[in-house]
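Going by the order they are written in, the chains are A, B, C, D, E and F; count residues from 1 in each one.
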Amino acid sequence: MVGLSEVTSAIEREHISSLLVHGKRIDDRGLFEFRNIEVEVSPIEKAEGSAQVVLGGTKVVAGVKVDVGPPFSDTPNKGVLTCNAELTPIASPFFESGPPDEQTVELARVVDRGIRESKAVDLEKLVLIPGEKVRVCFVDVYVLDYDGNLFDASEIAASVALMAAKVPEVEVNEDTGEITVLDKKQLLPISNIPVSATFAKIDGVLVLDPCLKEERVQDARITMTSTQEGNICAFQKGGIGTITLEDVDTVIEVVKEKAEPVRDLIRELTKEVRGEI
Amino acid sequence: MNNVTLVRKEPSESLFREDGLRLDGRGLDELRPIRMEVGVLNNADGSAYVEHGKNKIVAAVYGPRELHPKHLALPDKALVRCEYRMATFSVEERKSPAPGRREVELSKVIRESLEPAIFVYKYPRATIDVFVQILQADGGTRCASITAAALALADAGVPMRDLVVGCAVGKIEGKVAVDLSDVEDKLGEGDIPMALMPTKKVITLLQSDGDFTPEEFKQALEMGIAACEKIYEMQRDILIERYSKVREEVAEEQEEE
Amino acid sequence: MVGLSEVTSAIEREHISSLLVHGKRIDDRGLFEFRNIEVEVSPIEKAEGSAQVVLGGTKVVAGVKVDVGPPFSDTPNKGVLTCNAELTPIASPFFESGPPDEQTVELARVVDRGIRESKAVDLEKLVLIPGEKVRVCFVDVYVLDYDGNLFDASEIAASVALMAAKVPEVEVNEDTGEITVLDKKQLLPISNIPVSATFAKIDGVLVLDPCLKEERVQDARITMTSTQEGNICAFQKGGIGTITLEDVDTVIEVVKEKAEPVRDLIRELTKEVRGEI
Amino acid sequence: MNNVTLVRKEPSESLFREDGLRLDGRGLDELRPIRMEVGVLNNADGSAYVEHGKNKIVAAVYGPRELHPKHLALPDKALVRCEYRMATFSVEERKSPAPGRREVELSKVIRESLEPAIFVYKYPRATIDVFVQILQADGGTRCASITAAALALADAGVPMRDLVVGCAVGKIEGKVAVDLSDVEDKLGEGDIPMALMPTKKVITLLQSDGDFTPEEFKQALEMGIAACEKIYEMQRDILIERYSKVREEVAEEQEEE
Amino acid sequence: MVGLSEVTSAIEREHISSLLVHGKRIDDRGLFEFRNIEVEVSPIEKAEGSAQVVLGGTKVVAGVKVDVGPPFSDTPNKGVLTCNAELTPIASPFFESGPPDEQTVELARVVDRGIRESKAVDLEKLVLIPGEKVRVCFVDVYVLDYDGNLFDASEIAASVALMAAKVPEVEVNEDTGEITVLDKKQLLPISNIPVSATFAKIDGVLVLDPCLKEERVQDARITMTSTQEGNICAFQKGGIGTITLEDVDTVIEVVKEKAEPVRDLIRELTKEVRGEI
Amino acid sequence: MNNVTLVRKEPSESLFREDGLRLDGRGLDELRPIRMEVGVLNNADGSAYVEHGKNKIVAAVYGPRELHPKHLALPDKALVRCEYRMATFSVEERKSPAPGRREVELSKVIRESLEPAIFVYKYPRATIDVFVQILQADGGTRCASITAAALALADAGVPMRDLVVGCAVGKIEGKVAVDLSDVEDKLGEGDIPMALMPTKKVITLLQSDGDFTPEEFKQALEMGIAACEKIYEMQRDILIERYSKVREEVAEEQEEE
């Protein structure tokens, strides 16, 4: 993405900025308004769980695969959770094939932190034989179309995919350590629903859910992920601009109001599969 | 996985039902349900989405565009590049995100099946990039990928002398049958992925594994060509639909002005 | 190899093509004639099996190494067979060091398919303890000199190396799962001898076993591998040209006649070591 | 490790002593001991060594210098690059020498925390390279790395509009505390790494994991800013000392002549 | 480092060379004089052993980590020792990030040979359960500042780090094969102290411990590592110049005199921690 | 391999027979059988095949030729590059196809042993590429590789001030002996690979591992030089033979015309 901001004409920036001083955005949204969110639950039958999220012009697919393996040696009593992201060249002429770059790694790790630190998945309940065999959950996010704010689209997709996932039940023979994978399915143990909100800071003005045109001219990016209790479970400033305490206050206030409707949407979408509110 | 026993549904004893049809109710020359969509992505110059059975495939095309690094450019024609990638969750066991040897080979044969249809000499020193992402795999991914990629090329406005359409033909319990499903592919005796330039009636992809007598092989090719022609109808229809939609949109915009 | 055909002068192409319309080739062979095939059996004593094949100006060495390891989880009752190719820079100024490229991977996989689909090696007989320990066969082909048609040279070398291979017998203690490697040697269980035939299509004309000059101007390449029963166990069209049903018919007809002498040669070469016809 | 049991000292039951101080005797707003040194390397254009608690960090800067390969150069400003690497022996369990995903992310956020302070538009088409080597890690490495890298940038004479200084704030047993040590980081409830441009009082790095109420988060930021300001005093002092030393050396050399 | 000698002006070379014919060096040392050696023992508390060595303007840090793992299959009754070097870009504008290059690999392997062939670490004593579990020692050398002669600086750092290393004692339950890592520490079994001496050959003249300016104009490099018995346990000629039998004689003579003081320094530095002379 | 026991022939108790000769019947200063061939490949500019004991080695040379990418070119001389690679099946246990650290080091020392003999200043900005492929390894591969590579360089017509010839000397059961075989290398006390420019009598490769007294080391070098000189005779003979063959062929061709 190096050089991207350079190729965007100064004119574009001035245009966006001049609208912002009047509280307007290039796509006529309010400063703190999400774009339209469309979610398809479980589009990938072969994944244990999956979700496609379209956020404005951004489209991502998340898939969850669950396997059995050893725990990490420093957390013998926890299942394993791994988030991975792929910025496929399909999604943007600026994405290239090859091993994950900085941008990809950051996306994966911020989504991972949101899920992990909110305790979205109750990893203790994924242990089969303590210290030896646990469930291993892979959450893989593929970006198919990039129109800004990959963070929130990916976080929603990952959450829905995890909540919609159905994994085979297993029987553990504690004497022999043998594990039998049954034909019956069960849900993953979900304890929380993290919701992230990403802001672009452009000429001192914060806007929620930036589109690509806004991202290209942003000075800084702020992603804040909140739990259903309203706490902050992940925060990530990006970009080469600076932010202030006031920016953080604004972000916290906006998230208070805007995260819950997204969480409700996720709940609503997975209500049926989980048989709960 | 060590010490992990999988209790899975036994595959049925036969790939044919009592009424002689295949397990999913198809006849030997019948295709699985196919759904196509064109122009599904915003950023790519052209794109398409194809569902073929349970295959779910997105194809995107960029170009003709300038090539970096420049020393790779061809002096007399466009360089066609292709990347075929499977999502980690597209198959039963999670696939590593890094491309494997199968993906490398399929990228090559898909590229070689598309290039004959492209007027590459119109764009010396340029590149045309084709990306195929398998979201779900269900037997015959490379063929459905070619169908999707050809649509994406057309959607990108890349000048082509013909479309390209792919379909596999296989052998199950001694019978030649088109368009094997996943289970037929795994339990069957052979598979012949092929691609056709349908108006020229020439073959641009032809591979085979398994065991075919020469007669079976020839029969398979003929059935495959017929199957490809059916898929081509769908390709053509979806492109006509797409063009008329685009035309309408342009017309509407002009009216608004 | 990108750009290679471009650097070949149009004159070269016209020359080859103008001969072909008269049924002639630049090296005076018939259209469907293999070049001279020279095979050295077991040149590499440290490999369990090996062969050097010189096909015209093309030279390859194949080596077979056999180890003991776990089977693939989806084929617990089969041994493991892996084909690998190395296009060393020694063989051509156009080959580069580094991880295998498209051309190398295609070569390895087509040779692999020929062996695997013809059931040349009876993998079921390579199982030592079902689901746990099987023999693992590595077939590695090194290209030393490249004068066209790597496919057929490699396929012959791989077949001879497998047929000539002598692997240590093993004793399995079924109680403890311990495997003892004995000093006595045995042959690999061979059920079939695949023979591939590769054609170049140049200006509509098919020729068998193209030399490098022909390959450089070919529109398409066809490799067909047949079993000793005369069946087709692998087929691979390569190149950016097209082929027709008639081309396939021609290939099938030519293979009917030309594969058996190659198979006889392979049989003859390994007759002594295998103690059979 | 299979079949290997580690008998390690049980971590103490509380992260606070009976007298209410933290295990290492610090109050909630107290920093660990910090030692800084500037100009520690011969070959780099600028360098610094920082000990922050048991963190031991070397930072080196090259540039502004010409960029290879040239097509990466930016037409209007210097390209700032950063590599953050941990020595294999810097952590409890030996780390693989190859950079992991954590190192890739930290390289990015460290770079983004430094660039706002650099007058990058003074050096179009050039590069400024920042290398950070963690010799020993002890909680808060990224923050101490930023402190060290800013010193190295200053030592290299790279024109800056401000220094940058890093410090983390965390939550242990429900209390917000600055500059968590390794054990506090592992057993605590959350960690907020941050970096400040101290004279401008703007934040250039802000991350968080764990669980903070909005009030705790704001309190943490304020404590973090105060902590950063203390570290900034040390940064400034060490640079003044360095400059006067350099000035003395130059003076002595002139006298000798 | 390709091209480095080319950019050094011929003038620099002539300057150094013209001094050498008078037996003088650019930094006023004798031809066979080491630069000042400063060693910090155990600077890295988290490493089992560590050392920082400053040799003139060259600075390296070596760290030793010790783990438990399987032995190599061909040496079931030996512990595992692995030397690795990292030429970090911090140390020189000519070092680049990425997988180890030729220069890095050579450094690591020469240091490794010195330690291994002198039997500095008694690998037999690192076996816990023969054929199954042994101690695995990683010696990692990080170069922080490069002013010539990385070999000797690294060898000293590695030796001191190994001698100063304290590893947890373990208890082996021979019935169950379980290994308990105790809280008590012990020293590594050290049998020898290798000392390397590196020479540059410039216009036919040998000098000990070349600085960077000398290395840049050297024709050949010679590193000889000797044991405490005065034997030669490793030798490595580098560079694109040639050496003579007389050069080797000179090197052997100089090493006889110059290695022991370095060995004494290493002994002295680790006397306290090892509680021995 | 877990749970796999290898029952191999016990290595014999001594590396010497009762008659005092080595196991393969050689005296201490005797070489293994050596076979050389020049011009064995069609595509390379120069090539050679060397069998030295059971070592089987192919060397190929390209150049002097233009260098890509150009920024690697040296302004005043040719860049010599070397790649030493072992076939997966060249050793007892299958080797991974990816080059290991040993191959990286040997590529470097082989290059440095050849370059002194090449008139590199005749070809500024060019490259001379040497590729060595070990088909079978049997102790002393690097030395035999140098012998082969020098022949390939001569065959390519690269102007050289001398040939280069390699041979190892080792110590077995306390005795210095030339040209150790695989088993002697493994069970012996030390090995000194060396290479010589024979007419100049200067050493271009010298390495050592194991344990040698200074006296043994010097004795080894002298025996090594003598052994190299014997191999050099063979090198010279094969080149003369090659040249006269080429001359004959040219003459025949001229007669035919």
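In this text, contacts are C-beta pairs under 8 Å (C-beta built on N, C-alpha and C of every residue); 3 or more make two chains touch, one makes a residue touch a chain.
On a predicted model such as this, the values are computed, not experimentally measured, just so you know.
A.B. asks: Quick check for the class: compute each chain's Cα centroid; which one is farthest from the centroid of chain E?
C.D. replies: Looking at centroid distances, B is the chain farthest away.
A.B. asks: Measure off the straight-line distance from the CA centroid of chain A to the CA centroid of chain F, and report it in whole Å.
C.D. replies: Result: the chain centres lie 57 Å from each other.
A.B. asks: Centroid from C-alpha atoms only, then distance chain E to chain F, rounded to Å. What do you get?
C.D. replies: 28
A.B. asks: Would you mind pulling out the distance in Å between where the CA atoms of chain B average out and where those of chain D do?
C.D. replies: 51
A.B. asks: How many angstrom lie between the centres of chain A and chain B, each centre taken as the mean Cα position?
C.D. replies: So the centre of chain A lies 31 Å away from the centre of chain B.
A.B. asks: Could you check chain E for residues that touch two or more other chains and list them?
C.D. replies: As it turns out, chain E has no residue touching two or more other chains.
A.B. asks: Using the touch definition from the top, which residues of chain D touch two or more other chains?
C.D. replies: Only 1, 93 qualify.
A.B. asks: Answer with line, ring, star, complete or other to describe the graph linking chains that touch.
C.D. replies: Looks like a ring, each chain touching just two neighbours.
A.B. asks: If you go round the ring from chain A to chain D and onward, which chains do you meet, in order?
C.D. replies: A, D, E, F, C, B
A.B. asks: Residue numbers of chain C touching chain B in their complex, please.
C.D. replies: 2-3, 6, 73-74, 100-103, 105-106, 108-109, 113, 116-118, 222, 227, 230-245, 248-249, 252, 256
A.B. asks: Over in the complex, which chain B residues touch chain C? Could you list them?
C.D. replies: 1, 72, 74-77, 79-80, 93, 101-102, 104-105, 107-109, 111-112, 115-116, 190, 192, 197, 200-214, 217-218, 221-222, 225
A.B. asks: Taking the complex as given, what residues does chain A use to touch chain B?
C.D. replies: Contact set of chain A toward chain B: 43-47, 50, 57, 59, 61, 63-65, 67-69, 84, 86, 88-93, 97, 99, 133, 138, 140, 142, 144-147, 176-183.
A.B. asks: Across the complex, what residues on chain B touch chain A?
C.D. replies: The contact residues of chain B facing chain A are 1, 3-9, 41-44, 47, 54, 56, 58-60, 62, 65, 83, 85, 87-94, 97-98, 129, 131, 133, 135-137.
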